[in-house]
Amino acid sequence: MHLVLFLIFAIFALAGAVNLLLQKHPINSALSLIVVMSSLAVLYLLLGAEFLAMAQIIVYAGAIMVLFTFVVMLLNEGREEKTWGSRTAKTLGFPAAAVLLAIFAATILRAGRHYGTISLSDGVTTTQELSKVLFRDLLLPFELTSVLILIAILGAVALARKDNGEA
Amino acid sequence: MTPDIFRILPEVVLTLVGVLVMLTDASMSPKSSRRLLGWVAALGVLAALAASLWQGTLPAGTAFYGTVQTDAFSTFFHVLICGIVLVAILLSIDTLPPDRSPEQHHVGEYFALMVFGAVGMCLLTSAVELLVVFIALEISSISTYVLAGYRKQTGKGPEAAMKYFLLGSFATAFLLYGIAMVFGATGTTEVREIATLLPAARSHLFVLLAFGLMMVGVLFKVSAAPFHVWTPDVYEGAPTPVVALMSTAPKVAAFALLIRLLYGVFPLLHPLWMPLMWVVAAVSMTVGNLAALRQQNVKRMLAYSSIAHAGYLLTAFTGSGTEPIAAVGFYTAAYAAMNVGIFALLSVVGGYDERRSSVTDYRGVLYSSPLSGGLMLLFLISLIGIPFTGGFFAKFYSFTTAMQGGAGWLVLIGLLNSGIAAAYYLRLALSMALPSAASAKAQGLSSVGAGVVLAVGIAALATLALGILPGHVLDAAHAAAQSFAAIRGF
Amino acid sequence: MNTTVPAEWYLILSAALFTLGVVGFLIKRSLISIFMSIELMLNAVNLSFVTFAHEWHAVKGQIFVFFVMMVAAAEAAVGLAIIISIFRARGTLTVDQIDLMKL
Amino acid sequence: MNDPMLFLPLIPLLPFLGFLLNGLLGSRLPKALVSAIALVFPLASFALVARAAWMVHAGLALPVVEHDAPAWIVSGAMHIGFGLALDQLTLVMLLVITGVGFLIHLYSVGYMEHETGYWRYFAYLNLFLFFMTTLVLAANFLLMFVGWEGVGLASYLLIGFYIDRKSAGDAGKKAFVVNRVGDFGFLIAIFLLLGNFGTLNFSEIAAHLAAPAGLSGGTITLICLCLLLGATGKSAQIPLYIWLPDAMEGPTPVSALIHAATMVTAGVYMIARAHALFDLSPTALMVVAVIGAATAFFAATVAMVQTDIKRVLAYSTISQLGYMFLACGVGAYSAAVFHLMTHAFFKALLFLAAGSVIHGLSGEQDMRRMGGLRKEMPVTFWTMTAAVLAISGFFPFAGFFSKDAILAAAFHQGAVGKALWTVGLITALMTSFYMFRLWYLTFMGKSRTESRHAHESPWIMLTPLMILAALSVSGGWVGMDRFGAFLAPVTGTPANAGDAHVELMLSVLAVLVAAAGWFVAHSIYGRSGSQSMTESLASPRRVLENKYWVDELYVACVVRPIEWIARYVLGWIGELVLVRGSAWLMAGIAGLCGEWLRRWQSGNLRSYAAWLAAAAAVLLIFVLAGTLLGVGGFAQTISWAVR
Amino acid sequence: MILSLILLVPLAGAALVLLLPERGRIPAWIALLDSLFTFVCTLHLPAHFVSGRGGFQFEENVLWLSHPRISYHLGVDGLSLWLVVLVGLLAPVGVLASWKSIQKNTKAFYSLFLLQQTAMVGVFVSLDLMLYYGFWELSLIPIAILTAMFGRNLNESSAMKAALRFFLYTFIPSAPLLVALLWLYAHTGSFDYTALQAAIASGSLPSWQLGWVSVAFLLAFAVKVPVLGLHGWLADTFSEAPVAIAMIAAGKLGLYSLIRFHVELFPALAREAAPWMIGLAVIGILYGAMLALVQRDFWKLLAYATLSSLSFCTLGIYGFTLSGMNGALLQTVNEGLIGAALFLMLGVLFDGARSCQIADFGGAAHRAPRLAALFVIASLAMIGLPLLNGFVGEFLVLSGTFTGVSKGWATAAALGVILSAAYMLRLIQKIFLGEAETNSPRIRDLSWQETCTVAALAGIMLAMGVMPTIWISTMEPALQSVTQKILTVDQSPVSTASGTVASASTGEPR
């Protein structure tokens, strides 16, 4: 059961990711990304991360990707043009990406024997456990995110506000 | 026991100041001058600096369940970062476009971002939990991304922000992947726990992979070659006062992080990362200097120079014991002093609108504004690494450290590089010294405002002091290094 | 029917997604799409975190993911603002045309 | 033996004081005072020398050496002082230098009266006396070298006295540089002496030589040849004589003093001074003699066709110096010095008289535009006649005795000596010819001057002429034997003791030869100054008039090659290609690398990402593959990683 | 304290010049008074120097930094004594030489000029190698900047190129020097001169690397001298730099460093380098002289002449004979004096005619008799006329080389004596003698300050030519100890010096 679910959603995720790359229109890419994220949410569930799965749907697929699509619509950006500004990206970038994948894969396959297997019966991390750590041990980072978000707001205002006319 | 809050006192102060700046900005009438905000921010950062110094008197210790640690190391870098931010703010007060000009907007946001950015940078130096590291890094980065794009009216400003942002996020993803790997290998993200668990990690390959990925992220932040590609474009596009900040403060923080990673997390990998640093240092110096050789745009030239300086800094890591930490600490201080200084003067002489951008535009500056020109000369001399300036002593100390670690060839490469580097620094310096009839009257230092004078004065004094009487700073750097020795038995 | 999946499969998936993100950065021409590729990379990393969290039974890994999401949200706000401002300044999002600063 | 009453240091220092006074203040002093200063100090110097001579005559034992002289150069074991020494040779030289020198100073007061740089002229002249007396008084080679170079300097300054005349400047430069070639030889000789003897003092070297030293003959010969090179430079011998004719660009009294009477004899003096060395090296002596004879002959041939009155005298000087060298070469040092002395009298006289002629003709030097001056300038004519007779070697004029002594000495030196004697005799013939040619062209016949009224010179110029004429007549009466005996403590007794019969024969022969020369000159130029013989001997004459093209040869063989090498080999290949080029090359390579590296900076975000990805890949390979494969010496890491 | 005073007075003067307004001649007067005071201070040194005693005198030693250990260690011995005085003397000379030619931006000029003086004195008195290196590098900056600011030619880029070339030529080789210093520190833990000397002499350092260290030292100094082949910066600097700067740019620093930090610090290795250096020196003498012979530009002529006469110093140093060393050091001082005088006077000519082409001059002696007279005296000193200082130096070098090293090399070097007369007299003749050229009417004679300055220099030349013992006797003990070290090396069996030179040190005449 686990294997089936994993395979299905892993393939979904990969397909979404590949589609993201292949789609010419940003809106299609955004939709593909949502597919990836949703699939990942399922995988999180399989891994017992209940809360994260929900957060993944709400925060990522919900909030962030909505923002993306909104901006795509706002700017009314059409299909990507086929431009050839960078030869380096092809000649250097693709081999590099291939090497990266090879290294990751080789390392993981070789190191994998030190890691166990995952099954549905492994149990679920409860939100309670999570919040215990989050609000006690990791109180500081949690508070820090407020600063982070403040900065994001400030930045968005500073960069995106139209200045023409008003002071 | 010291209450936890004292361990993050400077950050708290900075946050409050940032909020205060925002509130003041909001409460001011849209027509009134925003200079006040700058002074508020400057005073606030000064308070944070004082707080950091006070922190230095506390016994070393951790807080917030072992997520932050203050000791001599963090104090050193806190003071340094607060100092840089202070100078950058002072500089910005007067060099941002004058009030009510069409370019002048979001001054409140500008200063608030600087102050908030400082929170992230400061925290980066005291964080001992990779999660905090990550968030602090993001705070500092995002504020810098935004500041880089501050001149959004021009074509270059947003482009700089875009490049910086996308490439920065790209690199951060690598760093994050590295953190994930180290977490996977040891099951924790706390620096000291990782270091202790490392020999017994589940998979040593993951440790290596984690190390490599994290290095990608950090080396990007310190703009070491070959991860430097973003630097010239971003420096060119960002407003000059911002470059003064972002070429120094985030870099200082990033170097603190690098030290934390190398000496706090991966001391075990010393035989591995030492040659890595060797190579990266050599490549950075060479690439930076050679590329700067023919560069005409002054800001780009100095961007390449900062790549080279990253190389000189990395040279120190080839030393043995904790000496490199002290050397890096000292170098960052000297580098900050001279780089802030030179960019401060560039923003005065070159102007916010960059009336002067290429080397030839600086002809005759020494005559039309002798004081600015003279001080620029001082900073350039320091960048070259002429003795009795901070730049020399920093380089000297860094290279001494490397030499004692046995990296003689690297030192040779480094010094030959500084010989090459002299060519382009001197080109600018001599260009200013050439008598030129065509030179327009440059903006004088004194006519701009007290903030700039103060900023440049601090930078100049620091540059000289670090060259002539480096003792105190050196001692502080040593103390910082010792705090690492206390952790790991170096 | 309780089949198991080796942890390394998850990790491989994560690595693959990460690499696809890298490739996306390289091949996409629109800034927004490039930004999405970065989000993809972050997601890939998150998967690794969750897998490792499961392996170590450590909650911290999951919390890390939580923070990454928050950071991603913040980044998205800023990044999209940057994209808007660049669109205003240059009228395009095609990355190959945004190379005012070079050499 | 240190008699403080001689005041030896004052002899050079007094003229030096005159130099300083005139040199520093002369431009602001009145002319009379300048003349007074210029005359008083040499006179005082001469008085001191005369006093010393009188004391020697009264029985003062020579040599007098200053032992407690102040140190000059002291370095390690080397100690060189300002030591002065007075012996018979020096005394003779000093008498000639200060005596003739003073007379010429006196003459110059009249001659130079209308020149602008009056004070400068006398300052230089005094400076010359300072260096010349230093040269002869020096007790060691280095101090002698001081005088040696110093007189060269004074000569340079005086030749170039007319500063706006380019030829004068060229001549001065040529004189100095050619002299420097000689000085180079001298310097090498000094080093050789220093290296072999550890000292430069004449007395100590002589002592070393007297003792059975382990020196090879080759070394001695080398030293002597180096010294000889120096001597040929200063004394205008082959191959370095070329500067002397040009030196006539200077004022005529200068030619008389420096380029006839005193400075040019320094080489002879030096060889006589170093005779102890030369005596040990027959080869060197032979070279000296041959050079002397060759120079004497060669210069005489050139002198026969010169038309410039001073150039005739210049070549005559070279020729006469050749005689002196010949004398040295055959070991007759005292004869050489004897001739040196008499030559100083009559050659100074010749020059001064010529100067008087030139003065009278307002600067005319070409003999073809002279003639018939006998009546206008009687004193000059008669004094000149005395000098001509003296140089031609007529009995009983001074030149007869000294030249006779030299020829006799050469005659007694075996087969080679006979050959040299023959050359000397032929030279004597030519000497007589060209001197009478000069005499006829200048004083006899009809005036060829172009409506210029010649006038006799003032008395202040004529007085020295008359004194010198008296000396030219009587200078030789002291006789070679007595002169030789006087110098014997210094130069040793001449080896030859030929019988009186042969001596007499030789003397008569010499006089006959001189008479023959007069006869030829008379037959050609005596009759109204016709130049009938010129056409018939056109081609050898052209060779002679062009002075055998020696100057051109030197320019082509030495000057041009050096300039060519400097300009093209060193200037282009050395400087441009090697020194500049290498710097350019390195800068260029660095610059090109820079340009290439900047290509990375294409401005394209995707390219940047590609670089980043590639860099990340390389870094990961470095970390993983490096560790696993053990590349780069990560031994420790390996053992830990591959558990 | 006197040494610190000598270092600080010019520095304080520079600060004062910067602080006071640039009105009238205030900066020039301050610089003049300051440099005169410094000169008086430097005269204190020979006045109180104990001649016979070995080792350093007037020592000051304060710990500057404990980690890395760097001390503020100053001191002079016979080697550096007169060089300090020379620098002290040349400063007022330089100020007076600039009196007329530098009219604008005097503040910048004089402050940098005084800074330069501090740096140069610092080089001579530092006994801590790091301190020494500091001053060494510091001395480059004012020269470069002043050359660019006050370059003589109207063509801007040529001044900048000259400044750049000078700087890079000297700065890049000092990179290996610093590496070598760091290497020494890494192996001995000290930058102190005497400590390092002892450490190197003990033979405990790895010899293979030590060889490279000494080569690095040699290279850095040889460029600064400059030795033949490394002189690419010389002609440009001489053509472009302001007079006061050009007169101090060459010679002294490099030659002093060669003796002190190459020969004395690495006797065994200097011994191995000697044949090369001697060869370069002799070829340099002839090379420079021959090139000087054909120059059309008098600055270039002076540059090549300087190359030639500095090569005499190198020859003397690497002959390792006492006489040669004495001569070399004396010649170093001579070169400073003569060069200063010649530069000053050529500067006056240049300012008058705005040309450095020899052909543009002629008959200047009429318009400028004092200039002509003093120029001739300085030239004579340069070409080594006896009783002037140049002769003593050259004679000692040549005699030392001839008797102690190699007759062939010495003879070849002596040929330079002929050539030097040729080029200097050619210069004199073309400029001062003959008919007046078009540019000549614009030439002025020396002003009274300049006359006094050059006359004083000429007086010193004469004094040094007549009474060189005053100088030599103070120099000799220090140089004696240097040659002694070389001798000691020779007697030890490890020496691998080649045959021609091995006989050198024994060849000193008794």
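Observations on the structure shown:
In this document, chain identifiers A, B, C, D and E correspond to the written order of the chains, with residue numbering beginning at 1 in each.
The rule is short, and it goes like this: contacts are C-beta pairs under 8 Å (C-beta built on N, C-alpha and C of every residue); 3 or more make two chains touch, one makes a residue touch a chain.
Values in this document were obtained by computation on a predicted structure and should not be read as measured data.
In summary, the chains found to touch both subunit A and subunit D are B, C. Taking the definition of touch as given, a chain qualifies here only if it contacts subunit C and subunit D alike; those chains are A, B.
Counting C-beta pairs in contact, the chain pair with the largest number is A-C.
Taking each chain's centre as the mean of its CA atoms, D is the chain most distant from subunit A. Chain nearest the geometric middle of the protein is E, using mean C-alpha positions.
The greatest centre-to-centre gap from subunit B, using C-alpha centroids, is found for D.
Computed centre separation for the pair subunit B/subunit D is 76 angstrom, with centres defined by C-alpha atoms.
The geometric centre of subunit A is 5 Å away from that of subunit C, both derived from CA atoms. The distance from the centre of subunit C to the centre of subunit E, each centre being the mean of the chain's C-alpha atoms, comes to 65 Å. Between the CA-based centres of subunit B and subunit E the separation comes to 42 Å, rounded to the whole angstrom. Within subunit B, contacts with two or more other chains are made by residues 131, 135, 138, 142, 145-146, 149, 152-153, 158, 161-162, 166, 170, 184, 205, 208-209, 232-233, 295, 420, 423. Taken residue by residue, subunit D touches two or more other chains at 598, 601-607, 609-611, 613-614, 616, 620, 624, whereas all remaining positions touch fewer.
With touch defined as above, subunit E holds no residue shared between interfaces to two or more other chains.
Every pair of chains meeting the contact definition is listed here: A-B, A-C, A-D, B-C, B-D, B-E, C-D, D-E.
Per the touch definition, subunit D reaches subunit B in the complex via residues 587, 590-591, 593-595, 597-598, 600-601, 603, 605, 607-609, 611-612, 614-616, 618-620, 622-624, 626-627, 632-637, 640-643. Interface residues of subunit A facing subunit C in the complex, by the touch rule stated above, are 1-4, 6, 10, 13-14, 17-18, 20-21, 26, 29-30, 33, 36-37, 40, 43-44, 46-49, 51-52, 55-56, 59-60, 63-64, 67-68, 71-72, 74-75, 77, 80-86, 89-90, 93-94, 96-97, 100-101, 104-105, 108-109, 111-112, 115-122, 125, 129-130, 132-134, 137-138, 141, 145, 148-149, 151-153, 155-160, 162. Against subunit A, in their complex, subunit B makes its touches with residues 8, 15, 18-19, 22, 30-31, 64-65, 67-68, 100, 102, 105-106, 109-110, 112-113, 116-117, 119-120, 123, 129, 131-132, 135-136, 138-139, 142-143, 145-146, 149-150, 152-153, 158, 161, 184, 202-203, 205-206, 208-209. Across the complex, subunit A meets subunit B through its residues 103-104, 107, 110-111, 114-115, 136-141, 144-145, 147-148, 150-152, 154-155, 157-159, 161, 163, 167.
Interface residues of subunit E facing subunit D in the complex, by the touch rule stated above, are 165, 169, 229, 231-232, 287, 290-291, 293-294, 321-323, 326-327, 363, 365-366, 369, 380, 385-387, 391-392, 395-396, 398-400, 402-403, 407, 410-411, 414-415, 417-418, 421-422, 425-426, 429, 432-436, 466-469, 472-473, 476, 480, 507-510.
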